[in-house]
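In the part that follows, the structures are each spelled out as structure tokens.
Okay, so chain A shows up in both of these, paired with chain B first and chain C after.
For the complex of A and B:
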């Protein structure tokens, strides 16, 4: 068993392989059923079987007569996710570098980030709303909701940077300096290539966590909904496959982002191993 | 390293011990400068503005008075806490939340441990292991609400499972308790949160030196002995972090329990939700502070149990 013994596979392998397969089916099965049912015909049935496949429920999404304002919600969620992603990368990456050195309050900032990660979203939502009230500001997606999302994406970004920078030995930079490289040269030629795939991972987390965030958005977006809030409203109001169509659309957007991120990491890795 | 860095990314949660190491060895040789302070300033600013101050204000508001039509009235009263704690509903909500937390923690622990074990110790090709690991993590980056709703056409009265059971003649009537029940709530939690267990445990296990396992086998350890005495203790940091995530996510949830129980069950947060709808901020705040204390106590207990701090300075 255990370690790579390269002999006959033990029986535990088959048991665990079966468990893993079942888990993957459990993970993806329901998502696939939503994907299929979003092509339901005009029968408006929410269950299988699929009758007269059509695109009518997608059409319904973009011509909001019966469902909510999906295009509007999307036009807020997308920029919000992009801004969150950009700020998460800038702030989390620089902060990650700070933790490579000793500084006063490092432990405090670290635990504050962890606490910000594990605090129930609704609790923080209340807090941010109350803060905005005290400051006389009204809640909106580009102020309070952006802050709420950052309180969630930044700790994730920081943890990723810890993992990435853990592999960047300070001796690489020292070697570069010893060889006469200037500061920016060292960053550009030594640090950045090593850290770059990690930065893409931070960006992926920043985008997707914001794009799908619900509890922290609930009180903080103000009067205009983001997409997850629109979906939340639809779960109670809409009893047509339009809901599934929306699920398919958001999942496709997520998958495009994931594919872009993983694809670019793969290309970078390949180029690097090719050049070295 | 040949492993795609995304592995680092998704596996980040388990990086805390490593990061702590960096905090202390790092570049301390060099003269202390302003640079790290400038680097960490934006993060600190955001955390202060959108975490520390809001939490402080929630604590402050929890002592305020609530007046109909007026709203918040500054005060220092324990009335909100008395309200919450003397209400039998809040106790039953806590009980039900704890029940879900324990059940989900147990299931995700077993699944997370054995799936990680399979990926790390049974899959012999590194690229295959990483690909399978990614398959497990991709849903993490998609919408939770959609993943939750996707159980409706599977578990419903006319859903796939009932159709299959009736089609095979196993049951004559559709089974009602599959959806809008405690069962469906647990299914949705496990579906959503097992990833939070797999990622840190996988990361811990991947760092275990495989020769340790061979040594244990050579020394006469049984199959279970190796798992119990070698793998389990060495993955405890990942187990602790995964548990921290799962416990805090379930404790702070209200959307899953609301949608998947069809409104039959509630959670601590759904109590808050109701207060908020009546704009009773002080009582919602008191409720929030109590929940926060409970969650923090659990977090501290987990950190103590595994002594992450000791690993930080090691």
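For the complex of A and C:
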């Protein structure tokens, strides 16, 4: 007689679990390799094994002698990402509110905004450069590159706001109106606090999409590179583990940003469910 | 779990002048595109009354409530509260407060700050508004939950908070959009009683939208029965239940059977109707009698009907009787609901006292006759044209 089974896992569970493990290794394995090799010793080997671990390549990165201008690139990429983030939040949130009330041509405007996602970034980059030349403007990270980045982050921001505001019941706004709140008070005291986690998500997207954007930056930054462009240049002419050190630093910055965003969303949700 | 202590409002909360909470709707119409949600309605709800707007989904009752509240603008017509024409005014200017079906408690604010929201909007300082909100919470006996977040409350508690948040505006009119629909049966009955008491103690006008007949009958001083954007009948609960004016109301309220026939003869205070099948119904005549051959509909209360197996070899055609087959029987405790399928396919329902039923039970498929006395017949002012169907046919009410 067979022993009774109490929910034994089927064989498919183990197959899928193995598949998922492979996927995770595929995702993070390369990152981990870069991380490990960034601590390479003075042997300057670009491959495993790791010999005489040291921090010398990080030092090289911040006090450039042989590598490119990493601190300079970072000092452009960070403000560019922050400005892009700020503008994305501002425009996507207000545009999201505009779309809450159906207006004539709303669908057309929406599809036009989304369509810019499918235009190849490099083509857009060329287009922006040519147009800027035609208008007599010089390309720089804070003008043409900023515009190019917004063409990438705004549709994403708008899509997120659609999802966020789509779940916001109109009865909250009506209740606020019922209790004597003016339009601005309703937005400030009710709507914005309720959708705040969604706004953080928009900000996160705005920042990360801009921070590691390559194709749209390619021709639009002018003479001074942003970080992704600097990394790309280095891969072609730098042959030291400083490259890995740079990969590690940029990844750490990205992770800090994501952790901050998710952390604040979590804190807000924790506070609302009252388990503080 | 704390199941709903009674709401105890302070005595004489409302300082509104008599008549201030009267609502008058004049030729009110609301269209959405090509469809009229509300068609040319005239209605006066007296000050300090409990009014229920009753009807099936999509009949326009919520639209009327939202227009009174100021959350929907009429396409045409006027709304008066007291002596003021309020179309275009904000809810606070109107002196109305609305309780939303979903309660719409702000999820990011504590119970206390939800209740204090109105005062905050008016610029009342933090200390004072919190003190007053605490007072209001005490009245609905929820002060122990002041610091909780809405997500931590049960449905009944959320409703109380929503009520407190509305009442802190000291409204002349409280508008309730299906306030009990989200609660379980036990709590629903309890809150129903509390709403009624609250209204009586505050003395302000309550307008309550519902699609449940027993709720309307239990609560309302005035029941407004609606169908597809029109008012079918507006009267006291007793009147609506016992003397419906139209076949729709008679069927919708659920307590009546509707029969139709042509006037065959009128003799003194009694006229005789002949149905399409040839049955004869005696009907008491009040006022002027209809002309011969005119079509008239009558209603007969379900609990005034006796059910019997057909008698053997009766010579004379029975009067005030219909025959059919038992479709279903449902035991309801104090009575048994017997549904009889007539030959024309319609259901005829009798509520037979349990004692009588069990003395001579009938079952599914039995041939039976249903009989009543003419004094329990009520004449409808509108004949049944057959176009109107009871939206709740066969449901239990």
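The rule is short, and it goes like this: the second predicted complex is superposed on the first by the 264 of 276 C-alpha atoms of A that agree within 3 Å, B and C clash if a C-alpha of one lies under 4 Å from a C-alpha of the other, contacts with A are read in each partner's own complex, and residues count from 1 in each chain.
Operating definition for what follows: a residue touches a chain if its C-beta (ideal position, glycine included) is under 8 Å from a C-beta of that chain, and two chains touch if they have at least 3 such contacts.
Everything numeric in this text was worked out from a predicted model, so none of it was measured.
Shared-chain residue A:215: touches chain B; no touch with chain C. Residue contacts after overlaying the shared chain place A:273 against chain B and chain C alike. In the superposition on chain A, contact of A:189 is made with chain C only, not with chain B.
By the touch criterion defined above, A:178 reaches chain C but does not reach chain B. Within the superposed three-chain arrangement, the count of touched residues of chain A is higher for B, of the candidates chain B and chain C. Residue contacts after overlaying the shared chain place A:41 against neither chain B nor chain C.
By the touch criterion defined above, A:72 reaches neither chain B nor chain C. For the contact definition in use here, the residues of chain A common to its chain B contact set and its chain C contact set are 273. Of all residues in chain B, those touching chain A in their complex are 1-2, 4-6, 8-16, 18-19, 21-24, 26-28, 30, 32, 35-37, 39-40, 42-44, 46-47, 49-55, 57-58, 61, 111, 114-115, 117-119, 121-122, 124, 132, 134-136, 138-147, 149-154, 156, 158-160, 163, 191, 194, 210-211, 213-214, 216-217, 223, 226, 244-245, 248, 251-255, 259, 269, 272-273, 276, 281, 284-285, 288, 291-292, 295-296, 299. On chain A, the positions that touch chain C within their shared complex are 169, 171-172, 174-182, 185, 189-190, 193-194, 196, 268, 271-274. In the complex of the two chains, the chain A residues touching chain B come out as 1-4, 6, 9-10, 12-13, 16-17, 19-20, 23-24, 26-31, 33-34, 37, 46-48, 90-92, 94-95, 97-103, 105-107, 109-110, 112-116, 118-124, 126-128, 130-131, 134, 147-148, 150-151, 154, 156, 158-167, 170, 197-198, 200-202, 204-205, 208, 211-212, 214-215, 219, 228, 231-232, 235, 243-244, 246-247, 250-251, 254-255, 257-258, 261-262, 265-266, 269, 273. The part of chain C that touches chain A in the complex is made up of residues 69-71, 90-92, 96-98, 100-102, 104, 106-108, 117-118, 120-122, 148-149, 151-152, 165-166, 169.
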